[in-house]
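Here the chain labels run A, B, C and D in written order, and each chain numbers its own residues starting at 1.
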Amino acid sequence: MLSFESDYIEGAHEKILARLFETNFERLSGYGSDKYCESAKEKIRRACESEEAEIFFLAGGTQTNQIVISSVLHRYEGVIAASTGHVSVHEAGAIEATGHKVLELPQNDGKIEADILEKYLAAFYADANHDHMVFPGMVYISHPTEYGTLYSAEELKALSRICREYKIPLYMDGARLAYALESPKTDLTLPMIAELCDIFYIGGTKVGALCGEALVFTKKNMPKHFLTTVKQHGALLAKGRLLGIQFDTLFTDGLYSEIGRHAVSLAMRIKKAFTDRGYPLFIDSYTNQQFVILENSEMERLSRSVKFSFWENYDENHTVVRFAASFATEESDVEKLERLLDE
Amino acid sequence: MLSFESDYIEGAHEKILARLFETNFERLSGYGSDKYCESAKEKIRRACESEEAEIFFLAGGTQTNQIVISSVLHRYEGVIAASTGHVSVHEAGAIEATGHKVLELPQNDGKIEADILEKYLAAFYADANHDHMVFPGMVYISHPTEYGTLYSAEELKALSRICREYKIPLYMDGARLAYALESPKTDLTLPMIAELCDIFYIGGTKVGALCGEALVFTKKNMPKHFLTTVKQHGALLAKGRLLGIQFDTLFTDGLYSEIGRHAVSLAMRIKKAFTDRGYPLFIDSYTNQQFVILENSEMERLSRSVKFSFWENYDENHTVVRFAASFATEESDVEKLERLLDE
Amino acid sequence: MLSFESDYIEGAHEKILARLFETNFERLSGYGSDKYCESAKEKIRRACESEEAEIFFLAGGTQTNQIVISSVLHRYEGVIAASTGHVSVHEAGAIEATGHKVLELPQNDGKIEADILEKYLAAFYADANHDHMVFPGMVYISHPTEYGTLYSAEELKALSRICREYKIPLYMDGARLAYALESPKTDLTLPMIAELCDIFYIGGTKVGALCGEALVFTKKNMPKHFLTTVKQHGALLAKGRLLGIQFDTLFTDGLYSEIGRHAVSLAMRIKKAFTDRGYPLFIDSYTNQQFVILENSEMERLSRSVKFSFWENYDENHTVVRFAASFATEESDVEKLERLLDE
Amino acid sequence: MLSFESDYIEGAHEKILARLFETNFERLSGYGSDKYCESAKEKIRRACESEEAEIFFLAGGTQTNQIVISSVLHRYEGVIAASTGHVSVHEAGAIEATGHKVLELPQNDGKIEADILEKYLAAFYADANHDHMVFPGMVYISHPTEYGTLYSAEELKALSRICREYKIPLYMDGARLAYALESPKTDLTLPMIAELCDIFYIGGTKVGALCGEALVFTKKNMPKHFLTTVKQHGALLAKGRLLGIQFDTLFTDGLYSEIGRHAVSLAMRIKKAFTDRGYPLFIDSYTNQQFVILENSEMERLSRSVKFSFWENYDENHTVVRFAASFATEESDVEKLERLLDE
């Protein structure tokens, strides 16, 4: 069945599977100490234009967020996030489970505005009772955001400047980073992100890997004994090669960018398919996720022939739904969607 | 290089890789809700001869132990384990990180003896101060143990009886369960384990999967909202198919047993290679891990041509080392080892 | 110096000190098992008109909130609170430190409105993704609220009804409960609170005790092994008599009510002192805390002769400040304040 | 009834009560910021002969242990303790509840031997797998120990030297410190303890206070934002004066020492009462707790006229019991005991 349900409905990019096949019987040491992990790290350092970047591979996004946030924060600190941030809403309390509050700020199109952040931090330290409160110890942003929107270079620079002023790290959740980097509307490159953020991760699961995220510490700031911390979280894969080989492949011959470009360009066609036909957008996204407002009976009709995600109720008669493109989405899928819309 | 370093030095059994390849472009729903997960669960239920078994797939062993133990225990309870148990020593404090003490009992060949367990529980409740102490809330055993040894049916029945008497669950870590089930010295079958244990897991990572463990709740005792708990631990894979397809393959046409048999039979040949030549064993294991005592200079000599694991210092001049066989170990590997020993 | 800084600037009510003195050399068993704890519990049960109420004495409010919330919630649950609730803002993350999210609802005069609560709960269960979210597992309210305001009987009944419909406990933080019960504007009695709430605590620290809160479980719902849980939190006093004797005194001959009445009646005089002179109130409180808006230079002037608390900035030129009355505030103190305002 | 059940069966030393009475209506700021806390800290610094000692008052011993250990350790670290240590056995898992393992070492008369500690640390770092294990991050000792025994100056110096070599803090639980300092058999003074330990606490609850322990950081090593951490644990008393006034009194005119001397000298008489009459000791303690082996029928007989504590079963016919002296034990109590033994 035609499906734009998410960017994780297929397996892996075929180059990844091929590489797993080719290397399968090589005998490699465990827990991420193999040569493919090393090679992948080196390639990512090069892509980030940062020789000193420290990299660790993990299996999933919530896991990465949980480990980063809990290992970097002091116990008396919390993490600032947009109220719509993945860590705020959709990780089942993974951050709080490690003892830390998510300090939610109002969001704008899924983003934290520099101005709001700066006022929050100033007010916190101005409050005479702030030592009875949770200290802000990190800023979490997602890029693209949960709404498919993007920070501009200027916006990211402003957040970075504030974080440095208050000496708290800026952490970017890049679960779908490829779709940001390859968006027609971005002016942020991977080296800029590595420069402006203290920590970020390059998402694999939603960009053609079976699983896997590459966590990057950009300022020689990887917490001490980080492998032990990962083990303590139950997140250290015995066959670390599974992650190393996948990221080595993604960062060979520009595959990560290629997947990003492919999905974003099809998502632009999906958007056009809707806007050409007068469907209103919920948000004007330039990444691989498109949020469309459907009249409920129309949603009903479409859902008989194509899969997509429920996002949120818009009003009594309308619903926001999401269409996502992935490495495996084909042009012909979009054409089928267009025909469906025309029916 | 010849290697018996562990049972996770190669990738996956080729049937698993083939299946991942074949199903790669099928569009499946996420988070373990796909048809391959369903099919794998059904096959495991059948192998356990338990219609009511509830199954959940996770990525690794420490992760599984952490999630099971912390979701089943009350906060005032700890888990009883052998002092050599994986949760006691080699999980970097994963259990304590969730707030629970590991109550360590003296071990015998890596096993908890029923008699010692019973005395411990009786003494706890007889102690007038026990409400200032950590309540025993679960018994953790590994099978095979960390020393490759096995519980007999009688031993497991005794532990199970005591646990039921004290109304605490018996949990078996089956990271290498296939090698127990296919050992020439076992009288325990999978259905017996499902009957005697309240919770156990069927290890995949060390039995030919890229990653993955099948957690089984045998008494309709899966904790409420378990998926949310798994998500909170950062352990819910978006592409749950990765685990479902692997276990579906492992439980098709007896592959899980076949891998177990293959590795154990080669391990028996490894053992014989050593004992025939007068090398003393540290423990007489009938599973896929063999523990041999090597004179240090001999260890040095061998290590130039074959990889194995350091286990522990035996005395000033001797060291305990481990040789492990896996799905990918070949007869020719053992023959090479034999020639090396003869040199 | 004249001070209305808070209701915990003096020691204890003199009857409490006298009782500590009289009983000092009695040899009593520890950890709350003494006869004064028993007697205090019996008197509180009588005051609540609830024979089945289970009571536990703790030393402070944040401690009580932390222990109640973390011992009652399942790990996948959070506690709903007003965004201005003490647990949301002023407990330094004590709830999150135990692994649980505070699910903050918009507040109205410090209160949770039944309508908003009901919509929140309905929306949660209607959300297709709610198993990736924190489950609402308890409702926390404070009475009086952090702004000195009160729930009416009707309002509390509505919250109670919703909680029972969704099968989650309603928990009332009564740090200053005496000032609610003795307010001229309340229609809620202690027995009604015991009926409508599943758990609440009767504050002592801010009502004339040196320290101490009486935690009440009203529905035979005290968590199993609660003493062990309290010990695990480091909250079990060896000399439990310290709490028992204080509460026994507070609930003898109506002392708790008397202290409440005394402080509220003086607070009403403080309010009148301000409103008679045209000072605007920030909130019209009928309990022992009064929130007044002062012009900044006036605040400056007053602060030279009387202590009060900074509450929050109102606008560039005005500040909200708090004046609190306690068991030890005297009529003459209020008269001095009146004279200061007239200067 | 005659009772030697523990050192916390009475209220407070009368000088403490008197001081609480005298200062009761002084209006003081909250949360430990009052002048009595300041004065008490200054007196303790003087008693420790350490100008740079940082001091914080807490309510109880388990609370103090929990807060110190969890705020000083990194998340990947555990605390080393004797297997009989209070944190190992009798705190209901308070340390684990904060996420940290108690690494139990074998004990000798309740003490950790330097030799055993040194071997443990050396073996840990020699273990090739130590990054899958809990790192030793602190050493916990109690002085007197749970068995009333004492570290000699030489023993404490040895532990201190090892801790400094491995760069981990040495923490002393001084719940009954006065009885160590005033023991006829000690060669350790308070300034020596302040020099050799990195952190320790001076127990009040069991030395004549209603409640309270004075936590001392001796090397300018109080964790940052410690007050916030204490608040997060629910351990910050609003009326901090309660602790300040008590410790100010205990450290005025040598009261703390006087209480120690008094109880120890009576305990020596208790010991003599038993040994003179041929009763065997379980341990030869020179502090305020005496551990005697009683034949069970004799235990039965005595328990009709005097209270004491059950400690542990010795053999089928004998039991170890504890007799403790406190500030309020009188010579006449010991004489009554002697008469009872003679009956």
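Here is the rule we go by: a residue touches a chain if its C-beta (ideal position, glycine included) is under 8 Å from a C-beta of that chain, and two chains touch if they have at least 3 such contacts.
These numbers were taken from a predicted model, which means no experiment stands behind them.
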Farthest chain (mean CA position) relative to chain B: C
Same or different residue numbers at the chain A/chain D copy interface, by half rule: same
CA centroid of chain A to CA centroid of chain D, Å: 50
Centroid spacing, where centroids are CA-atom means, of chain A and chain B in whole angstrom: 34
Chain B-chain D separation of Cα centroids, rounded to whole Å: 42
For chain C, residues contacting two or more additional chains: 75-76, 91-93, 97, 99, 131-133, 228-229, 231-232
Complex contact set, residues of chain A against chain D: 70-71, 74-76, 99, 131-133, 135, 224-225, 227-229, 231-232
Partner chain D, residues of chain C touching it in the complex: 1, 3, 5-6, 8-12, 14, 17, 20-21, 23-30, 59-67, 91-94, 97, 205-206, 210-211, 228-229, 231-239, 241-242, 307, 328
Contacting residues of chain A [partner chain C, same complex]: 75-76, 78, 89-93, 96-102, 104, 128-129, 131-134, 310
